[in-house]
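Written out below as structure tokens is the structure these notes cover.
Each chain carries a letter (A, B, C and D) given by its place in the written order, and its residues are counted from 1.
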Amino acid sequence: MPHAPCFASDNYAGVHPAIMAALAAANSGPEYGGPAKAYGADALTQAARQRIIEELGHNAEPFFVFLGTAANVLALAAMTRPHHAVLCAETAHINVDECGAPEKHLGAKLFTVPTPDGKLTPELLRPHLAHLGNEHHNQPRAISIAQATELGTLYRPDEVRALADFAHENGMYLHMDGARLGNAAAALGLTLRQASSDLGIDALSFGGTKNGLMFGEAVVFFRPEFAAEFPYIRKQAMQLCSKMRFIAAQFLALLEGGLWRENAANANAMARLLAERLAGAPGVAIEQKPQTNAVFAQLAPAVIERLQARFSFYTWDYERNVVRFMTSFATTPDEVDVFAAAVRAEALAG
Amino acid sequence: MPHAPCFASDNYAGVHPAIMAALAAANSGPEYGGPAKAYGADALTQAARQRIIEELGHNAEPFFVFLGTAANVLALAAMTRPHHAVLCAETAHINVDECGAPEKHLGAKLFTVPTPDGKLTPELLRPHLAHLGNEHHNQPRAISIAQATELGTLYRPDEVRALADFAHENGMYLHMDGARLGNAAAALGLTLRQASSDLGIDALSFGGTKNGLMFGEAVVFFRPEFAAEFPYIRKQAMQLCSKMRFIAAQFLALLEGGLWRENAANANAMARLLAERLAGAPGVAIEQKPQTNAVFAQLAPAVIERLQARFSFYTWDYERNVVRFMTSFATTPDEVDVFAAAVRAEALAG
Amino acid sequence: MPHAPCFASDNYAGVHPAIMAALAAANSGPEYGGPAKAYGADALTQAARQRIIEELGHNAEPFFVFLGTAANVLALAAMTRPHHAVLCAETAHINVDECGAPEKHLGAKLFTVPTPDGKLTPELLRPHLAHLGNEHHNQPRAISIAQATELGTLYRPDEVRALADFAHENGMYLHMDGARLGNAAAALGLTLRQASSDLGIDALSFGGTKNGLMFGEAVVFFRPEFAAEFPYIRKQAMQLCSKMRFIAAQFLALLEGGLWRENAANANAMARLLAERLAGAPGVAIEQKPQTNAVFAQLAPAVIERLQARFSFYTWDYERNVVRFMTSFATTPDEVDVFAAAVRAEALAG
Amino acid sequence: MPHAPCFASDNYAGVHPAIMAALAAANSGPEYGGPAKAYGADALTQAARQRIIEELGHNAEPFFVFLGTAANVLALAAMTRPHHAVLCAETAHINVDECGAPEKHLGAKLFTVPTPDGKLTPELLRPHLAHLGNEHHNQPRAISIAQATELGTLYRPDEVRALADFAHENGMYLHMDGARLGNAAAALGLTLRQASSDLGIDALSFGGTKNGLMFGEAVVFFRPEFAAEFPYIRKQAMQLCSKMRFIAAQFLALLEGGLWRENAANANAMARLLAERLAGAPGVAIEQKPQTNAVFAQLAPAVIERLQARFSFYTWDYERNVVRFMTSFATTPDEVDVFAAAVRAEALAG
């Protein structure tokens, strides 16, 4: 264990060895090595797109982009025009962590909804329909939910389906930010399809980077009209990768043999283990049972300070002194043990 | 030589082995392996930025982005507001090949200039200053040149300097699209610094992908005011790579031991060799002596059709039946020989 | 009194007779009639700009636009770039009633602040400074306040000054949406200058339409750097009036002899009168003492319904059954009496 | 004739007396005076919309905006998305005189076409279809023509229809910039409908300001899908006039009794008269027979300078010393005589 255990974010982790191997094979392996058509016209990209279709259903239309912010914003770009509004939780990544990329790129407004747990419901959204048809107000057109949420919570399948129905009944579409879809599906014991396309969503940001990839995400549409325009939207948004086969190769490897589930399940298990190790520790208040790969805990400010001098993790809520411990595919039980022991010791010291 | 020789584009080439090795080392090597801070706060990114500063001068402010379109557009975003204009050649990549990304992202207008050879001059640009101070017209604020140009031609150092002086005398900035800066510097026998920052430019798109990288480019500013705002511009434009160390590692390797020059020099040499091999061939009209890594040739339509059935390359000008043969770091003399022989034979057959 | 009394909005009123006379004189009067230079290069526009400078101070830089939404958005456009944020009250017109014009035009994000009375304070704003310097978040650059507010409340001069100081201490600017600046100044017993430029604001939307004009507002900057770029911003935003003298003539007339104050004072007085007439009426709960030209009152739903069948006014809060009665320069005591009697009678009937 | 004759532009003219009378009646007349619903929900606006529908056909969907730039840009906004392109003449007002408003607001690119006379043809446009379906290029979606053109030339009805057919056959729409539609229809001896909607166009900018209005233009769609979204587009673009009845009243008056034709015919006749008066004058080279209300003439630089010291008109082409003399509804034969005599005298003096 040459590095101090890191619980800052799942994007602090490196690249899974099988993904690195896939990159090497895409470059110089016997099947795909050598020059290849740029911009996704190559065989590897076609294979990866086909593999995603097999996984998510024949109406899936996958497109690769570089990163998660782009997956979210461009999925919404296909669904909306500037006079529309996107409905999302106040805590949504698209609202708080993307430096206004949605507003800049879409020109549209986000209608944000306070939630207790990062999860939207039809009841929470209904008041935003009050101004339908009124030209003085952006018109709701898309609902965007994160699965798992930014708070580490999960939508049950019936909850997603209810939102999809609500969206469609009111002339809207449902987008799922699946930056951590793998973690959600693993935690719920579902296939990727059961956790996303089967629930009536219209577009999915299918995350890779937080689950062991070097870079690359997929935007997946479940309506052909969005897919038809998307190549232009992607290019104009500066998200068309010239050597796209190197994103495709990573996705193929992630889906091969269920590596996505293995990686996600490890991250989830390590969060559970960490929560167990910290349970009942004096001075450590676990916020809630972790559902995916994040543990939120309340600690004394001095404890946080001392721990952050030794380990990498973020303070989530400065007012309430809540920190977030995030695990990844690469987190090991030993790391959890070392870290949990340190947290307990520092918290005890107060 | 398991693959048919490919002369379509330098982004059809794969990744140079030294770059692949650098990626692997960044992931699991003894120095940089393991978890690392996201979004460029890691040691590798700092090392790569420092290395670029050494290469381009102490006033260089480098930032990594995913791709060349973004490097160009975001460099210009730092320089302009929507009521400004960017002056560029009619043949500029930012004008013809980016699906309007500059207009969409900047909100500004491109003032395009017809040129004989893809190169701007103060004389060609001066008419666009006619409406300075007139509120009915976008105000020229940036000049963007490609070095090497999209036509494979080169600016001499004094020509770039003259454009920089012209820009600064008229309240403008000079941006260099260096997607193929390596090819230009190698062809001119200059260092990267002599070919760019020493000439008075204000911003540089420093290309990597076309010279052997998997992905990744650098925007380099030579004015601190642009650098100060750029982190926000980059994030909002969806170009902040979370696992940035994997771009950084590639740039470090590209600069290490002059790999950039080696790669570019090979590409240039292979273009020269191809031109030599085709010189005087009946039915093959080489457009001009290749200055970098592209050969433009006029062929009969039927010849083009038969060749494209066997080899990968693009028609450049459909009206004049001019094709472009592009070489890369990976092109070999054997590939050139095979290809040149085929071209000569098909052209002879007519 | 040929028309049913109208308490819907101050933009339901027509044009003040003196304004109409000024328009006629601008067209065919002895001084300004006949052809005139377009786009504001005419003598009337210069005279009106000069008159505003006299009113607001020698550092004032006035520009005419067509309407209030544009005055607000374009004032903010001069102050911000897309990665900035504008801080405003949750109830601000720029947030709720402009169909997302700020987001579309600026590309920036609004950070909205819940308030008890539509008024911002440094204390309410301070939490939004938490992410200064963090590239993942829009950077606060402008504070926008309405004087009077959308709730009919008023900032005291010292409250505006405190916000200006807070803005400047934190690298921000203060914008005042003065769509009803006249009403505010009249209610506070201040000159326009005392109510705006003297308080340290950086830009003002100086409203005309709601105070008796046919159309036209002025954006007034108090910093030369904003004024320098504004002509281009205005033209590009489609707000440069070709026959600008017809906006200018109206502003000259509005400022002549204090017509602005006369109009605003009448509106304010009629609101006070209406509140007095309704005071203590059974079934009528006046929300608060009216400070400017709006009266908010809680009525039974059936009462609202019957009244709206006879008179024109808006429901403000559907959940709490609060309606807004708005007066204007044109409202007469007789109209107030007729209306108040009707409200009392319907409320009594229940 | 108290003013020096003015031949600068038709927007230097004031407001036609009948239009001024209509404004006064809208404010305080027996039929429409008094308070009225804002934002176009009033009776006058409904009457004016109905009147335009009668004039242009039952499938016309008219919307009022403040000015011509907005009419053009917003008509195109309804038709396009940012990855589309608008095809127009290089000399088009939307390309050269709107400070990049189309690019800023639409995010799309203009594909500009050099023309001999300001007029597009299918033949001139066809090359721009070369990249249909190619994600690297904006996709042509709208053709925009001016009738009359910026060069004072006219499309014959069959020429417009050919462009409409060409547009529709290639998945595009045809927009007509009718800032001077009245001048065109009058010159061609057609009704407004014969000159616009009958020819298969999809959207029209119906100009008022240049034909005697104070301000105000109409966007008219001939496809319901554009009309459905337009209220939001207009509001978000800051073009929703609160006291809209004052635009409506002007349009009603313009259409009443064919005032539009009377005004336009006078402008056209005065241009013809001016051309006649200058015909054969030594030192005066009339560029072509004026078709509408502009006369282009080549004069010696010194002559231009002396004339501009006394009269108001613009130099059109600085390289060729071509000036533009523009007439309006208000130009009188006496003014033409005075001016023509002056031009002849100065030109003779050389």
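Methods note: contacts are C-beta pairs under 8 Å (C-beta built on N, C-alpha and C of every residue); 3 or more make two chains touch, one makes a residue touch a chain.
None of the values given here were measured: they were computed from a predicted structure.
Asks: Work out the mean Cα position per chain and let me know which chain is farthest from subunit B.
Replies: C
Asks: Comparing the two chain pairs, does B-C have more C-beta contacts than A-C, or is it the other way round?
Replies: When B-C is set beside A-C, the one with more contacts is A-C.
Asks: As a quick test, compute the distance in whole Å between the mean CA positions of subunit A and subunit B.
Replies: 33
Asks: Please report how many Å separate the Cα centroid of subunit A from that of subunit C, as a whole number.
Replies: Distance between chain centres: 43 Å.
Asks: How many angstrom lie between the centres of subunit B and subunit C, each centre taken as the mean Cα position?
Replies: The mean C-alpha positions of subunit B and subunit C differ by 51 Å.
Asks: Among the residues of subunit B, which are close enough to touch at least two other chains?
Replies: 82-83, 98-100, 104, 107, 135-136, 138, 232, 235-236, 240
Asks: Can you list the subunit A residues touching subunit C in their complex?
Replies: 82-83, 85, 96-100, 103-104, 107-109, 130, 135-138, 318
Asks: Under the definition above, what is the set of subunit A residues touching subunit B in their complex?
Replies: Spelled out, the residues of subunit A in touch with subunit B are 2-3, 6, 8-9, 11-15, 17, 20, 23-24, 26-28, 30, 33-38, 66-70, 73, 98-101, 104-105, 209, 214-215, 232, 235-243, 246, 312, 328, 330.
Asks: So in the complex, which bits of subunit C are touching subunit B?
Replies: 39, 81-83, 107, 135-136, 138-139, 229, 231-236, 240
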